[in-house]
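Each in structure tokens, the structures are laid out below.
Two complexes are shown next, each including subunit A; its partner changes from subunit B in the first to subunit C in the second.
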Partner chain A sequence: MTQETLKPLEKKALIELLYQLADDDFLLAFRGSEWLGLAPHIEEDVAFSSISQDMMGHANLYYNLLENLGEGEADRIAHLRSPDQFRNAIILEEVNGPGTYLKEPDYDWAFTVVRNYFYAVHKHIRLDSLRHSSYEPLAEAARKIMTEQYYHLMHWEIWFKQLMTSTDEATLRMTEAIQKVWRDFGGVLTLGPYYEDIVKANFIDDENVMKKRWNNKIEAVLKEVGASYPGEPRMERGNGRNGVHTEDLKQATATLSEVYATNPSTGW
Partner chain B sequence: MSELKSSMTDSVMDALGDVKDPEIASVSILDLGMVHEVDVTDDKVRISVLPTFSGCPALHIIERDIKKAIENVEGITSAEVKFVFTPSWTTDRITAEGRERLKEFGISPPPANHVMGEPWEIDCPYCGSTYVTMENIFGPTACRSILYCKSCKNPFEAMKPVADMG
Partner chain C sequence: MTVGMSFNQLSEEEKMTHFLDRINAGEKIEPDDWMPEDYRLQLIRLISMHGISEIMGALPEKEWVPKAPSLHRKLAIMAKVQDEMGHGQLLLRVAEDLMAPLGKNRHDIMEDLFSGKLKFHNVFHMDAPTWGDAGIIAWLVDGAAIISQSMMLDSSYGPYARALKRICAEEVFHAQHGESIILAMAEGTSEQREMLQDSLNRWWESLIMFFGPKSAKETGNSNADKNIMYKIRTKTNEDLRQEFFTKYIPRIWSLGLTIPDDTIRFDEDSQMWIYKDADWSTFKQIVSGNGPQSQNRLDLRRRSYKNNEWVRAALAAKKAI
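What follows is the complex of A and B.
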């Protein structure tokens, strides 16, 4: 399928899917960028900021696909929407911990590792499906993103496994982080209200199939590091795919767009 | 192809050879294998370029530099630059000359025909030693990794291998 051959209902579903993909990467990349200068050691600072930059690039690719579908300029899509127009999963907008990067950041590294690892596993599954998407521009973008995401997944998997099998304190903090992420990670695994149309048009695999792949992978990894699988992840604070969000998203978009919003007509 | 068109295409290609990667000053976009297609019709040029890393901030600069370089070619009035994803840019596209120039810049070229998931073999760009350690897969830019040579005791960088994953 190309832009010209999309039927109206298919186009609507595709746009919804693209917002989910773009906003997921956009918000988690932002949370990652807040760690700059605060990561546990200098090499991690280099790695994490590089990963965040890649992910911001991935969001940009998806926003450009939206621009081509008539949703407006990519920069405006990223910066000028209100929180209820965002389609990212709620767990990805959550702050890194108490404080801000400017004032007394008491960020939680275990939470960051768990959230990023779980997300990277799902992102890989999603891209593996998207590279065969019926919408050719999306399939092309997915193939590109996959070559970069390969390194992200590797990075977070190493952190996850190392910390899970490290000191007692590390294991305890990681276990608490898993419980915290688990309460809302179901939001990442869903395709939202247009799910049936998205799947019918073969834009991506059925969410239940991908959910199963994710659960199988995580269950195996947890077993490998001696932890128990807590059952299906939940969606306690609501579904971000419906535009339901927390105060954390407002803070994120306000900070992200502070400069852009001062004068949207300027070329930044 | 008419003789005129052919010589015009040569001039355009020459101009593209002068467009450097803003973050690796010794290497041109032709060396990096970023240029996919060049179409010269009358006084207009359409060129498709393969982005290296999607979040690379240098892409906008490269786009601008290409336009500038081509529009300076005598007989050309406008240039259109388009980024495309098919075929995928992979590190295999870097030319033999590009690999040499990367070394001059202290960056080890990526292994040719890398298969994703296989171990890399990276030699020190200064002394050629294979006795090196990987300090960080990620580096100062999206496309580079940081390494250390245990033989000549120099830190160096390497281009991160990127292979087409199908």
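What follows is the complex of A and C.
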């Protein structure tokens, strides 16, 4: 399928999917960029900031696909939507911990590792499916993104396994982080209200199939590190795919658009 | 008898002569080569300060990473700040090798930073309150860094010279990124031009200070002279500052910006720029940790170092699987 051959309902479903993909990466890249200079060691600062930069690039690719579908300029889409127009999962907008990136950041590395690892596993499954998307520009973007994402997944898997199997304190902190992420991670695994149309047009695999792949993988990894699988992840604070969000997203979008919003029509 | 054994039999004075002959002949000193203690200490001082400045230098620009005003700018500034962190890592590795025979490591570098013993560049103690500052930092601070680092590309210490080659190549991209931000703002609305001029006003004295005082008189410090003797560096602070003026003043003027020094001019007779010198007592205050952002930025580092103590302990622990 190309832009020209999309039927109106298919186009609507595709746009919804692209917002999910773009906003997921955009928000987590932002949360990652807040960590810069605060990571556990300098080597990690270098690696993590490279990952965040890649992810911002992925969001940019998706926003450009949206621009091509007539959603407006990529910069406008990224910077000027109101929070209820965002389609990212709630767990990805959540702050890194108490404080802000400018003042007294008491960021939680265990939460960051767990959130990023779980997301990287899902993103990998999602990209693997998107490579065969019926919408050719999306399939092409997915193939491009996958070459970078492979390393992100590896990075976070190493962190996850290492921290789960070292000191008692690390295991305890990681276990708490898993519980915290689990309460809302279901939001990442859903395709939202246009789910049926998205799947019918073969833009991506059925969410139940991808959910199963994710659960199987995570269950196996948890077993490997001696932890128990807590059952299907939940969506306690609502579904971001429906535009339901928390105060954390408001703070995020206000920061991300602070300069752009002062004058969106000038060159920066 | 091997060459090594015969070298070990030389007196300290003879070793020193041999060492100076080598550096004067343009040879590179490598980590395991004999070097005078003073040379080692000068290198540790210079390279750990340079490395930690790259790391602390990421912080003012980091303030602008999420706020960068377009997706393109976000990507560019993320790439730049990541590079700076990479430079810091590269340089700290060079410093760590030099410190190893003294029984010191990365942890000591961080502790010295937190206690104020290890200083970082004056520019990174300053406020960066607007997007214009992100532009000025990338354009002029990085431009100044290219000038001062380029003179050390031929440094007598091999690992430092090699690290600087990589660093300078990337810094050129940073200065271009900065110039692009500056051009967009200079060609933009009157608010954007005003923001830019404000940033230049704010950064000018810091840029003068960047290269250090003209001579030891101002700060009572003779490290620059020593480093020239050791061929770690080749030019004086004032040579570098003049080079910076020659390169950037015409560009600043061509953008219609005003330099906040009405005495600045090029003197044809001396072939030198005449300018208002910085207040070096303020400089001393700033680099001693009393600049407007010194303690805030150090607190960010101290806090994260403490918050992540458990992570470092976990990494040091034996793996269970």
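Assume the second predicted complex is superposed on the first by the 268 of 268 C-alpha atoms of A that agree within 3 Å, B and C clash if a C-alpha of one lies under 4 Å from a C-alpha of the other, contacts with A are read in each partner's own complex, and residues count from 1 in each chain.
Operating definition for what follows: a contact is a pair of C-beta atoms (placed from the backbone, for glycine too) under 8 Å apart; a residue touches a chain by one contact, two chains touch by 3 or more.
Keep in mind that this is a model prediction, so the values were computed, not measured.
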item: First, second, both or neither for A:His155, with subunit B first and subunit C second; value: first
item: Which superposed partner A:Ser166 touches (first subunit B, second subunit C, both, neither); value: second
item: Contacts of A:Glu104 with subunit B and subunit C, given as first, second, both or neither; value: second
item: Which of subunit B and subunit C A:His122 touches, first, second, both or neither; value: neither
item: Which superposed partner A:Leu256 touches (first subunit B, second subunit C, both, neither); value: second
item: Contacts of A:Leu38 with subunit B and subunit C, given as first, second, both or neither; value: second
item: Per-residue contact with subunit A, leading partner among subunit C and subunit B; value: C
item: Touching partner for A:His58 - first (subunit B), second (subunit C), both, neither; value: first
item: Contacts of A:Lys144 with subunit B and subunit C, given as first, second, both or neither; value: first
item: Which superposed partner A:Arg131 touches (first subunit B, second subunit C, both, neither); value: first
item: Subunit B and subunit C contact sites that coincide on subunit A, given as residue numbers; value: 43, 46, 50, 53, 56-57, 60
item: For the subunit C and subunit A complex, residues of the former touching the latter; value: 55, 58-59, 62-63, 65-75, 78-79, 81-82, 85-86, 88-89, 92, 131, 181, 184-185, 187-189, 191-192, 296, 299-301, 303-304, 307-308, 310-315, 317-321
item: Subunit A-touching residues of subunit B, taken from the complex the two chains share; value: 51, 53-57, 85-86, 88, 90, 116, 135-142, 146, 160, 162-166
item: Residues of subunit A touching subunit C in the complex; value: 30, 33-34, 36-43, 45-46, 49-50, 52-53, 56-57, 59-60, 63, 74-75, 78-79, 101-107, 109, 161-163, 165-167, 169-170, 173, 224-226, 255-256, 258-260, 262-263, 266-268
item: Partner subunit B, residues of subunit A touching it in the complex; value: 43, 46-47, 50-51, 53-58, 60-61, 131, 140-141, 143-148, 150-151, 154-155
